[in-house]
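Shared chain: chain A. Partners: chain B in the first complex, chain C in the second.
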Partner chain A sequence: MSTQAEITTLDRVRDLIVKYGFIVVTVALFIFFAVTEPAFATSASVLSMLKYASVTAILGLGVTFSMVVGGLDLSIGSTAGLSVQLAAMTMVFYNLTGTTAVSVVLIGGVIVGVMNAVLIVVFKIPDLLATLGMMFVIQGVKLIPVFGQSVSSGMVLPDGSTAPGKFDDWFLQIDRGTLFGIPYPVIIMMVLVVASWFVLSRTSWGRKLYAIGANPEAARLAGVKVKLHHGLAYVVSAVFASIGGIILVSRIGQGDVSAGSSSLLEAVAVALVGTSVLGIGKPNAWGTLLGALLISIVLTGMTMMGTQYYHQDTAKGLVLIVALLLSYTVSRHKNRYVPAT
Partner chain B sequence: MKRKVPTMIAVTTAAVLAMTACTQSTSTPEESSAPEETSSVGETTAAAPAPFDGEVSVAIVQQSGQGDYFQQYLNGTRQQAEALGMTLDVYDAQGDNATQATQLEQAIASGVDAIIVRHGLPDTLCTGVNDALEAGIAVIIYDVVIQECAPDAVQTQQSDALMASLVLDQMLADVGEGVDVGYVNVAGIAPLDRRDVVWNEYTAANGWNELFKTGSFTNSTATDTAPMVTSAVTSNPSVVAIYAPYDEFTKGTLSGLEQVAGTEDVLVYGADISTADIELMIADDSQWMATGATDPNAIGAAVVRTLALHMAGELDGMTVDFPPVLITRDMLLENGITNMEDLRSSIPELNISDVSSADWIPSVTF
Partner chain C sequence: MTTTTDENWALELDSITIAFGANQVLKGVDLKLRPGSVTALLGANGAGKSTLIKVLSGVYSAQGGTVRVDGDEVEIESPSDASKHGIQTVHQRIDDSIVPGLTVAENLVFEEIARGEFPAVSSLRRLMPRARTIASTLDLDWDDSILKQDVFHLGIADCQLLLLARALVHRPKVLVLDEPTSTLSASEAERLFALVEQLRDAGVAILYVSHRLSEIRQLADTVVVLRDGKVVDEQAAPFDLGVAIGAMLGREALEEESALQVQRGEGTALSISGARILDDSALVDMDFRYGEVTAIIGLIGAGKTELAQAVFGANRLEAGTFTLDGKPFAPRHPSTAVDAGVFLVPEDRAHEAMFPGWSITRTLTVPFLSRFARLGVMAGGAERAASATAIEDFGVVATGPNQPVDALSGGNQQKVVVARWMAAGPRVLILDEPFRGVDIGARTELSLKARSQAADGACVVVMLSDVDELRQVADRVIVLVEGEVRLDAYADEIDDDQIITSMSEVA
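What follows is the complex of A and B.
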């Protein structure tokens, strides 16, 4: 009896912090920066923060899917980088349209996802290791057809000729265009967040994915085709990476060889931060979005305050650790994400 | 046990807030004084025109801030901005081009009066630069070929053509015409491409026979270039001189040559300068004969002066080239120069304090 009384007082506080702690911190930081930096909360600045968050959030959603099935997709950043090269090549080398480039990129994403899936579920390589291997392979493979160079319109090819194509104006508008003043990347991000939330939380497929992540053996006994759905989660992850890559290459306007390489850690971080939002303890779409927004707010605010990049990296790391403390240490939930290796 | 948990949460939250507060307090301008080189500020003999009679805020949007060169550059920019009474925000994309595009948007949104864009890809930055110009923000570009799409932006760069011709004139004087030469460079990087144009002119005009072109531009350029030079020189032993117009290439060339016996007489011509480069040039039996260089501190400062002139409506034209100087191994040895400080006092031209100067601009010298 007395234990029950103790749980109600202490654990209520605890639950409140676990549930709303992160949202409160995000809002508090936003207000803090808005007060200290007059330019921070202007509409242009807020839109640019959302835009900044979009690629991270979309890649984070991909990571979220891989985390839901108990894995972790480390190849997500290099897959985005592959998309950058594929899109640039399609338009600049082969002089094809932006629509073709988008199709090529998405097909490329599916292929990467299937390869990850085969390595993991058919050849039984642990998720982390399989996607680590793929990460390196893709980083190298993406440079082979472009001779290791950044692809830009009018570049000179090794045989001395000039590349015939250029970036489709339509394609460049993916990052630069707006609908009712809202940049397309933000709209794409929101559509994907809602779609991911719906699929993960409101469909039987989503429940199967979570069941696989919680206990694959139990899921199998319950009649779930564990291998198939585990693999499909990686295909979704790679397709999300491709979409992120399309936005990246549209933003850069060149097949930048280094694009995407810095995205992996941020994507994993925001998906992990996302597990702590609302005390869910599991990877989830809205949490990932909030994680991306929080990182974007912190980075933009600190940049405007004139801090150095290493302070920003420190801040990013602290945000992640606090999120992990909330999920793993403070929370009473036991169904938290533990990556299978 | 359970009672401790809320306390721990409180401590954690406090720690996070404290961290955030800490980073804020270190962001004040004083912080920038840490890596500064010694510098002095010139006198002005006239009152500053508008808008410099009021407050002017400037943002620098840089593609990368890491490395000695870029730190010196930013130091020069900070000092000259301070001397002119400007406030300076620094956006550093850490080498990520997509981030640079976003940061350019953020700089525009922050409502500054002027933006300096340093390095990056023209296709990436073009839209943002035009957005800034449309918003009435003055834009100065350093080392991005952007005037084709944004003609209203002022373009600045170090004169790579002059840097190459100064060094190649020296090479011509040393080795003469009609000899076998090697070349270490890659295509696709704007300043290196400009040096490449001059190199091709010199090889054609002087009957130089280019036996190899090699080099690799990576995160560890010197290390990756060395083995390429080793194999190129091994298969082309008749080479008497090598032009490597970027100091990482030059370093890679020197260590590549070390691996091949019988190449001790091959002369190496480079570009850029730093204390580490000076040490290589003055080493016993060094093969690095000459380099063309600018002082990144001085360039960083000259860009700000160009911006000031432009904003005051006093800049002639829309392009400013910063002239380099020739530095030879003999010159370094004769004057006992062992580091950048010696070099600056020995060659005051490195300060280029007369470039983009005016009687109301206090020029910073290093």
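What follows is the complex of A and C.
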């Protein structure tokens, strides 16, 4: 008996679908919307789609890092929400600068990442469950210092006084500003995509992360410090969530208590969609970007065609399921992402 | 084809074959079981015993050959087929068959529950009569309070009895017991032996798999030895167990032995002192020298893997200290060992050395990424070049450095995971069962590589359970029995009989 099964025409067609299916669908949808809605393909609309995609893509990159080591960071959305509150508090309650706010948020992200890492690698709680627990804790804890209210400039505090600070103009420019006509969030997104791609696929550290995701025991017996790197992936994930949170709070201009909570599912979805791009079967940075763009195209197109907002979740869910069908059902590759529980 | 044989066999296997991918595990097994007799099945790790049992119990279906029960040819495609034809198996790992969290009674009638013979929502009381019946087949005097307990409260021995009762209630013609005593104490085992004898007298054909020679002597009417997917020895009582063990460990093929020129190394590389390898074993000391291949040979459970993993920093021994080149060496993580030039090729290739879907190049370089990176950035060219060299040097049959390791044959997979460490220039290289699932050609090449590595000055330690393999590779032999050293000599000072005798001596 030969191990190499014969490759039939059907198999070839399957491989083509798995490899290029998602790119073709994304381009086809773009053309479809561009033809049916004249406003869709204008540069303003394209930039706004990219801008919409930026937060999702950045959080998705964080999820991608956690998926590369075989886990899944469910606390990503609430960490972004925490960042929104931290930034607003720093500027509005304590009257500090936007730069300070950014530093506080990033430090907060590192702390969350380290806590996730400790729960997972030191206390050996499965990734999914540890980050699920952290998700609730963060959602609750972030409300305590703000008395459960959204933080905005000039708000009245419980003791009757008025909050001393306001959102820094510089800080508000993070979302609104442009460089050569390209919005900063889009530039930040592209920088992070390229950096993540480079780290994951061109450095020895990235190789170690993939090794841990593929077979942690084999990685350990090859001398890889599995616990250290597994934990660091969660720190990266939380820092990406914080960066996404900074853009988000700069966009809404207040410390909205519910900000970030809907980002989790989108971020996880785009990272999962990313695994099916080019038939790679593994979490990867460019795939995650494409997933974010695809969702952004679908939502923008639907909005322009006058579809009601409440159809959006259905559309996102269908995109995710099609992606999962491609990587788990149609693909003949066996080295696909399976989250450890 | 229905042939009637001159004798009544409860079970006849005729040239059973099965292969997993390119790996032919059973190469035509013939086996006949008489009703009312106990047949002991012996075989080293990887001989195909568990596969054969899984064929009998319907977990795997045979790809070639025929199975006859009471002279009639039968097809066993599933566990329920096996049960239908009167073949029952009590598997070695009881936790695979016992459902924790359910009561003893529910576990007793679990097969009926699984088949849906009880309503989905059923009170414990309705199960009790059936549970009592099953328990009584073994004369287990378990009263209702025991039956209503969580199965967790039963000891291992009682769980084993529970499973046996579950098997016996079907009144099997053939009963397969896979290492039933491996987790039992001596008195519990005696109770089991009494039962086995009772069943034999009742006319059941019993296939008894065990490594324990004393049990085989006590219980078996026939001994069958499996090696490399074939039956290599068959004896009726009284047995010459020395011959059986010899056949099991493979000492027929002695021709190649002459080719090996025994080297005596110089200078202690690794020294182990006061090591407690297994839970209750005595403290042992060992020295491994540069320039020779030391084989540590022992049966399953002798402590070879425990020792290998401890030296590599992958686990800890209860007691013991190591020195490397005379300096204290206490690796707390494999990374420390790798940095010190102490490498391990682990026993279980697929689970401990390979990454699903990874190319040959990536699999080769994982432990030494820093050698192929500048400031943390991988230098693809250097990596590919190293991979091409390794493929060439080790004669890996592959389409190229980018081929996934999973797609290679067992022998070529093993060459890749061995090459990974050998190409990096080890001081001490430990190979744990490197020839398992490896064809004879690859085995010869890997042996030569190990020998030339030692000739170049490395300290090579090979963990084995097969005397043939030992003769092909080793300069020095250490026999390990239950965590203790029974023999330590150069290969040209001892013959196979001495090795086999000391391996099969029970304390």
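In this text, the second predicted complex is superposed on the first by the 334 of 341 C-alpha atoms of A that agree within 3 Å, B and C clash if a C-alpha of one lies under 4 Å from a C-alpha of the other, contacts with A are read in each partner's own complex, and residues count from 1 in each chain.
The rule we apply is simple: contacts are C-beta pairs under 8 Å (C-beta built on N, C-alpha and C of every residue); 3 or more make two chains touch, one makes a residue touch a chain.
Predicted model only: the values in this text are computed from it and were never measured.
Within the superposed three-chain model, A:42 lies in touch with chain B and out of touch with chain C [touch as defined at top]. With both structures placed on the common chain, the touch criterion links A:69 to neither chain B nor chain C. Using the contact criterion defined above for the overlaid structures, shared-chain residue A:302 touches chain B, although it does not reach chain C. Counting the residues of chain A touched by each of chain B and chain C gives the higher count for B. Applying the stated contact rule after C-alpha superposition, one finds that A:318 touches chain B and leaves chain C untouched.
By the touch criterion stated above, A:152 is placed in contact with chain B alone, chain C being left untouched. By the document's definition of touching, of the two partners only chain B reaches A:17; chain C does not. Residues 19, 21-22, 312, 314, 333-335, 337-339, 344, 346, 351-358, 362, 366-367, 369-370, 372-373, 376-378, 404, 406-407, 409, 420 of chain C touch chain A in their complex. Chain A contributes residues 1-4, 202-205, 207-208, 210-211, 214-215, 217-225, 281, 333-335 to its touches with chain C in the complex. Here chain B touches chain A in the complex through residues 2-3, 5-6, 8-9, 12-13, 16, 19-20, 23-24, 26-27, 29, 65, 89-92, 94-99, 101-103, 105-106, 108-111, 121, 123-124, 126-127, 187-188, going by the rule given at the top.
Residue ranges on chain A touching chain B, taken from their complex, read 6, 10-11, 13-14, 17, 21, 25, 29, 32, 36-37, 39, 42, 44-45, 47-49, 51-52, 55, 149-150, 152-153, 155-156, 167, 172, 175-176, 248, 251-254, 256, 258-259, 262, 300, 302-309, 311, 314-315, 318, 322, 325, 329-330.
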